[in-house]
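So, here come the structures, one by one.
Look for subunit A in each of the two complexes below; its partner is subunit B in the first and subunit C in the second.
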Partner chain A sequence: MASETATPATADVLTTVDGRPLKAALAEAQRTRRIRAVLLVTPLLLFIFATFLFPIALMMFRSVDNPLIAQNLPKTIAVLEKSWNGKDVPGEEAFAALREDLMASRAAGQVGKVATRLNFETSGMRSAVTRTARKAKKMKAPYKDQILKVHDAWSKREVWATIKRLAPTITGANYLAAVDRKYDADDNIVSQPEERQIYVTLFMKTLWMSTIVTVSCLLLGFPIAYLLASLPLRHSNLLMILVLLPFWTSLLVRTTSWIVLLQTQGVLNDIMVWIGIIDDENRIQLIFNAQGTVIAMTQILLPFMVLPLYSVMKTISPSYLRAAQSLGAHRFLAYYRIYLPNTMAGIGAGCLLVFILAIGYYITPALVGGQDGQMISNVIAFHMQKSLNWGLGAALGGILLVGVCMLYWLYNKLVGVDNLKLG
Partner chain B sequence: MSQISLPDHADFAEKLWHWTFIGICALVFLFLIAPILVIIPLSFNAEPYFTFNAKMVALDPEAYSVRWYQDFWSKTIWRESIWNSLFIAVGATILATALGTLAALGLSRPEMPFKPLIMGLLISPMIVPLIITAAGIFFFYASINEYLQLTGSYLGVILAHTVLGTPFVVITVTATLSGFDHSLTRAGAMCGADPTTVFFKVIMPLILPGVISGALFAFVTSFDEVVVVLFVASVEQQTIPRQMWAGMRESISPTILAVATILICISILLLATVEILRRRSERLRGLSAG
Partner chain C sequence: MAEESDALVCFIEVQKSYDGEILVVKNLSLDVARGEFLTMLGPSGSGKTTCLMMLAGFEPATHGEITLDGEPINHVPPHKRGIGMVFQNYALFPHMSVAENLAFPLQVRKMDKSEIDTRVKKALDMVQLGEFGGRRPAQLSGGQQQRVAVARALVFDPVLVLMDEPLGALDKQLREQMQYEIKHIHEQLGVTMVYVTHDQSEALTMSDRIAVFNDGVIQQLAPPDDLYERPDKAFVAQFIGENNTLSGTVKEINGDNCVVDVDGGGIVQALKVNVDGVGSRSTLSLRPERVEVNPEGGSLPNMFEATIKELIYLGDHIRTRASVCGQEDFIVKIPNASHHAQLQEGATAMFGWNVEDCRALDG
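Coming up: the complex of A and B.
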């Protein structure tokens, strides 16, 4: 340790009482303190790694992972790699290999998965694979004609090209699908057919809706944050509860309330009919569409805008404004030139936070979004739970995650996570 | 302060602007709070509708009833989900509070290396979209099911909710520790206290309000969480939010409004606790006069 290498006390080296150089002793003391600090953080860090970061990394791997075809059709792939020219339907050798592979994977109970996977690429392949696998056992050589008789999909060159293309165990195909592109039979990247181009539009819509929510939050949050910051503390504390109560109220409860308020037979429509703004027959559809999602999300995320704005506005001294006005600025000019620039830190923090939370929103769009109010998270959930196209779901999630991480990095850079306010 | 009140010499335009501003603020507050308030009377509606009828507006006692509360309490599935929710939330809160408080203590020490990076990692469960977290945890649990059955188990849900709750504990406790005078611990040590005594006698009383606030945040996070439950839990771990979710996806029964009202009351209680604690903590640390 440091004491063993310590030089004897001399006039020019400061030492501690036991003769160690002060510098070394201090360094050691600080190292001990540093280790202690790290040890305190370690349990949580390990926990977050094990149950959060690692699982997400694992899922991201799923977006490029492609073992299914390589595991189930190894012989077919080997034949195709070795002796197929890629232009015509392959010969007897490939069909024989296909028969053996399908028999093996049927025995292993994997045929359904292979069929589903190939069906993602070429529709109609599900029945081709399952039917061929079922009948494979009774076939006798030569197999080509018999397999073609079972299902004519096997006479398409593209199907064989697809199998060959799916052979590598790492693939970028899911990411291509996530941005509405795909490989054609010749390994070129092409656009999906028109009717299947949905994801780019959906990403754009998610960004657009999040932007609207963020701007609405800013427009609604700015005045009340200003009011809260300017009122005397005992009044503002009371009003602050109106901001914090929604913050503490269950998300599902608030979403329920919006359904109750906005549905066609709901409170708001009733009031409007009663006042006479609209007829009973022409009730307005306010919810179960994109508009309903935006309204509900704005209310739900508004506290995340108000709190950072409030804490920045609280630090702006009113004397700045008085100074500007006494120098001859009109009241509005003083607000615009003096007050607004001072609140920029709060505006940035609030907008970034609201935007980050908005683009990943799932529950509210799922419940009140109807057809056109769905966001990217809802489609990810659909692929994870319903269509079971996990690779595509993970790829969509990966793109979303990269976006969120970049914004989060920006937030950390500009605001600092330790300045996050929770009331 | 004087910014908001109107001076005596204000001209018409200034008055107009002043009252417009107050009006706008009132509308925004209404927007924030109306959805919560509207649920409460409607949950006492005697009819199975979600809107006020003439009788309710006239405050006719016959238009109100507690039948939806009775309905809620008579259904086994709702009663069970209360216990499930409480059990999971309490478990997650204890874990999250313990882990989060320790980490916050470490993070607020000046010697802590890589502080911004580690803080960023620890807060990230709050930022990452829930659907990604839920799916990730689901696949992870599924992949280790041979060794440890976590899908469809209480432990699995509790661990996942702990992940989601820790950022809140870390944030609130670090906030309480900011401006913490580290010479107090040295003073304690100089008076002869060992580190454990210093922790319980000096540090703990000062950070306790932050710890409790963080714990309540973690509790609410778990108590209100549905996405992870949908992915990871089985029917056995039916929680209140999941039951509400299921109800809302089909057709809303007024029972959901009764549940919502109960949840609102719980939030009011929790918010009151946190506010009282926050003010006490600020007073103790001399940050505010109020």
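Coming up: the complex of A and C.
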């Protein structure tokens, strides 16, 4: 080796004076710096991973994870897979396996979960499972008739087909449920019964309301941002404080003050009655409906539109407009042809930001949305907190996440994320 | 130079105030002749840019009238004035290509497509950027952007083109090159140009006439050589080129000449240009290259002993700082000719100058 390093450098490999390859020397020289850089960002990376990426991944996994039936009814599943024709109620063997499985899961305290899970698929299964499990111990072979006597749900072919279908530990059922579809007992994708079709409509409504909020924010925010960017600093500072004021006020306070303002006995209705626009009997319902959600969310999200717009408008030299006018364009034409196109990056950034925030908004719809002002996030919260159907909640959230990523991708295609200016 | 009938632009007793307390432009009257290249020169805050903005229509005049081609334009909006303008930072529209930038003034005039194309092409060729029509302004160098801005201001054939410090952002070499190019375009097209700058060498290079602004007032309006050689005001003498000043009191006046008692000691014979009378204060102005070092005894009317403070070698000349008549910063340029005077720092020498080179101006 020593003789090799001592040989003079060949023409195509650059070396240092003592004959080491230049690239290796460079890498070594920069190693400490690189290690230091990695160490500096490590805490943040770990934090993001632990509090952001890992929980998201966990939830996404939960949306397809389906271990319950496979864990609790292993023998039943084995029998069904082996010897069931799928057309009739299975034979004695399957009932015997079911009894054993239910006894085991009762002992493990899992039977309630199994009952709930099967009840999602076929209503009435909760009592069938719990009652059968309770009485299983006293039964003597043959079991089929005794179990059928306990609950006649077991005489339905679909119930057995459902158990067999739920056997795989990974399932797309939650995503199907999130778009108002489901598997029937035989693994075909069918629509939910009409009274249970709520999610697609809700997604559409969420998108629609978010669009209205975004457009309202743009219409209200554009003139404010323009004023901010063009007023002298003394005045624009005051205006900026007014724009930022909402950030320093609790979201809860702001939302509840909308209730005070907009409710039927509230300030706005009182004023309108006093002026005489409406009479006392016909007070307008402005809150606890979709309208209230849109109004409150527009106010709350307005700064997220104003700030990116402002930061872009700040960079647009007033001389562009002057130049356009000196070249013969009327003031309005100059705004339309010159000013507006130059604010596109800000418009894009603001709309994207407001829209993404809006489709995932929870607290405002929950407080002022009433019945028809609820959005998809409220249903996700419902599944997380009340119904405890985390799989479905995670699936709804997953669809939302994919939607946001697609928006971002689309924006990148159309405008370019490099042009995104948030302040 | 500008006769009444020949004037394209007239400022008539124009005053401008932004806050109602301070006059930025004080009672300005100025005629710009047709086809003239007139430069408004002055330090920042002297009111020159304000005048240009009033002419372009972006600032209203507080008092007085501005006429273009005989028509008062005080109430004509900028887009109807038909005045081309080149802005300080070019103001090229960043979202349009070079050709689109040039086509913009033609499109808003509703010309048809083929006419626009020919004109854009002609204008681009004029500034030697024929190949660059498809580029965005950001892809061009500073000098190229500058040319596009000039071409855009000219493409719709305005009678008048305004330029607001258009070369300020360029480096020295490019700036000088562009000065010649703009001057040549002016000569070729015969268009009237009003040019604002604070750079005196730029003004001297390009202009037919220069209006020197200070404190909202035109101090002097004259061709470049007059301004340099025959300044009327102490400010002009000081602002244009290098200048030695000696302050003093007028002792006597003899026809075109006068005698001034300099504060720091010494009686100087000077040309009477702008003095009120015997006993009034006056500033004497003397160009550094008009001072003779160690002249023959008695050959010049003004001869004083000078103490050499500093010698700076600058190649073609030697810049000499000396103390003369109590003035510590008296500058003399000694040309680096063969047999030029050899001076030593700290030594003394005789400085002398003619009466006509020493102008007695306002105090």
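Quick note on the criterion: the second predicted complex is superposed on the first by the 373 of 423 C-alpha atoms of A that agree within 3 Å, B and C clash if a C-alpha of one lies under 4 Å from a C-alpha of the other, contacts with A are read in each partner's own complex, and residues count from 1 in each chain.
Keep in mind that, in the parts below, a residue touches a chain if its C-beta (ideal position, glycine included) is under 8 Å from a C-beta of that chain, and two chains touch if they have at least 3 such contacts.
Small disclaimer: the values here were computed from a predicted structure and weren't measured.
Undergrad: Let's test your reading of the overlay: on subunit A, do subunit B and subunit C clash or fit side by side?
TA: The answer is fit.
Undergrad: May I ask you to decide whether A:40 touches subunit B, subunit C, both, or neither, giving the answer as first, second, both or neither?
TA: Touch partner of A:40: subunit B, not subunit C.
Undergrad: Rounded to a multiple of 10, tell me what angle the C-alpha centres of subunit B and subunit C make at the one for subunit A, in degrees.
TA: Apex at subunit A; the opening toward subunit B and subunit C is 50 degrees.
Undergrad: Could you tell me if A:83 is touching subunit B, subunit C, both of them or neither one (first, second, both, neither)?
TA: In the superposition, A:83 contacts neither subunit B nor subunit C.
Undergrad: Quick one: name whichever of subunit B and subunit C touches more residues of subunit A.
TA: B
Undergrad: Is A:331 in contact with subunit B, with subunit C, with both, or with neither (first, second, both, neither)?
TA: both
Undergrad: Classify the contacts of A:317 with the two partner chains as first (subunit B alone), second (subunit C alone), both, or neither.
TA: Once the two structures are laid over each other on A, A:317 reaches subunit C alone.
Undergrad: Let me test your reading of the model: by the given contact rule, A:282 touches which partner, first (subunit B), second (subunit C), both or neither?
TA: It touches nothing on subunit B or subunit C.
Undergrad: Least CA distance subunit B-subunit C after superposition, rounded to whole Å?
TA: Subunit B and subunit C, overlaid via chain A, are at closest 5 Å apart by C-alpha.
Undergrad: Is there a shared patch on subunit A that both subunit B and subunit C touch, and which residues make it up?
TA: 331.
Undergrad: Under the touch definition given earlier, write down the residues of subunit A that touch subunit B in their complex.
TA: 30, 33-34, 36-41, 43-45, 47-48, 51-56, 58-59, 62, 220-221, 223-224, 227, 230-234, 237, 239, 241-246, 248-261, 263, 265-267, 270, 299, 302-303, 318, 321, 331, 356-357, 359-363, 367, 377, 380-381, 384-385, 390, 393-394, 397, 400-401, 404, 408-409, 412, 416-418, 420, 422-423
Undergrad: Contact residues on subunit B for subunit A in the complex?
TA: By the definition above, subunit B touches subunit A via 1-4, 14, 21-22, 24-25, 28-29, 31-36, 38-39, 42, 49-52, 99-100, 102-103, 105-107, 109, 111-113, 116, 118-125, 127-133, 135-140, 143, 159-160, 162-163, 166, 168, 170-172, 174-175, 178, 213, 217, 220, 223-224, 226-227, 230-231, 241, 244-245, 248-249, 252, 256-257, 260, 263-264, 267-268, 270-271, 274-275, 278, 288-290.
Undergrad: Considering the complex alone, what residue numbers of subunit C touch subunit A?
TA: Touching subunit A: residues 56-58, 77-85, 87-89, 91-95, 104-105, 108-109, 152-153, 156, 162 of subunit C.
Undergrad: Name, in rising order, each residue of subunit A that touches subunit C in their complex.
TA: Residues 317, 319-320, 322-331, 333-334, 337-338, 341-342, 344 of subunit A touch subunit C in their complex.
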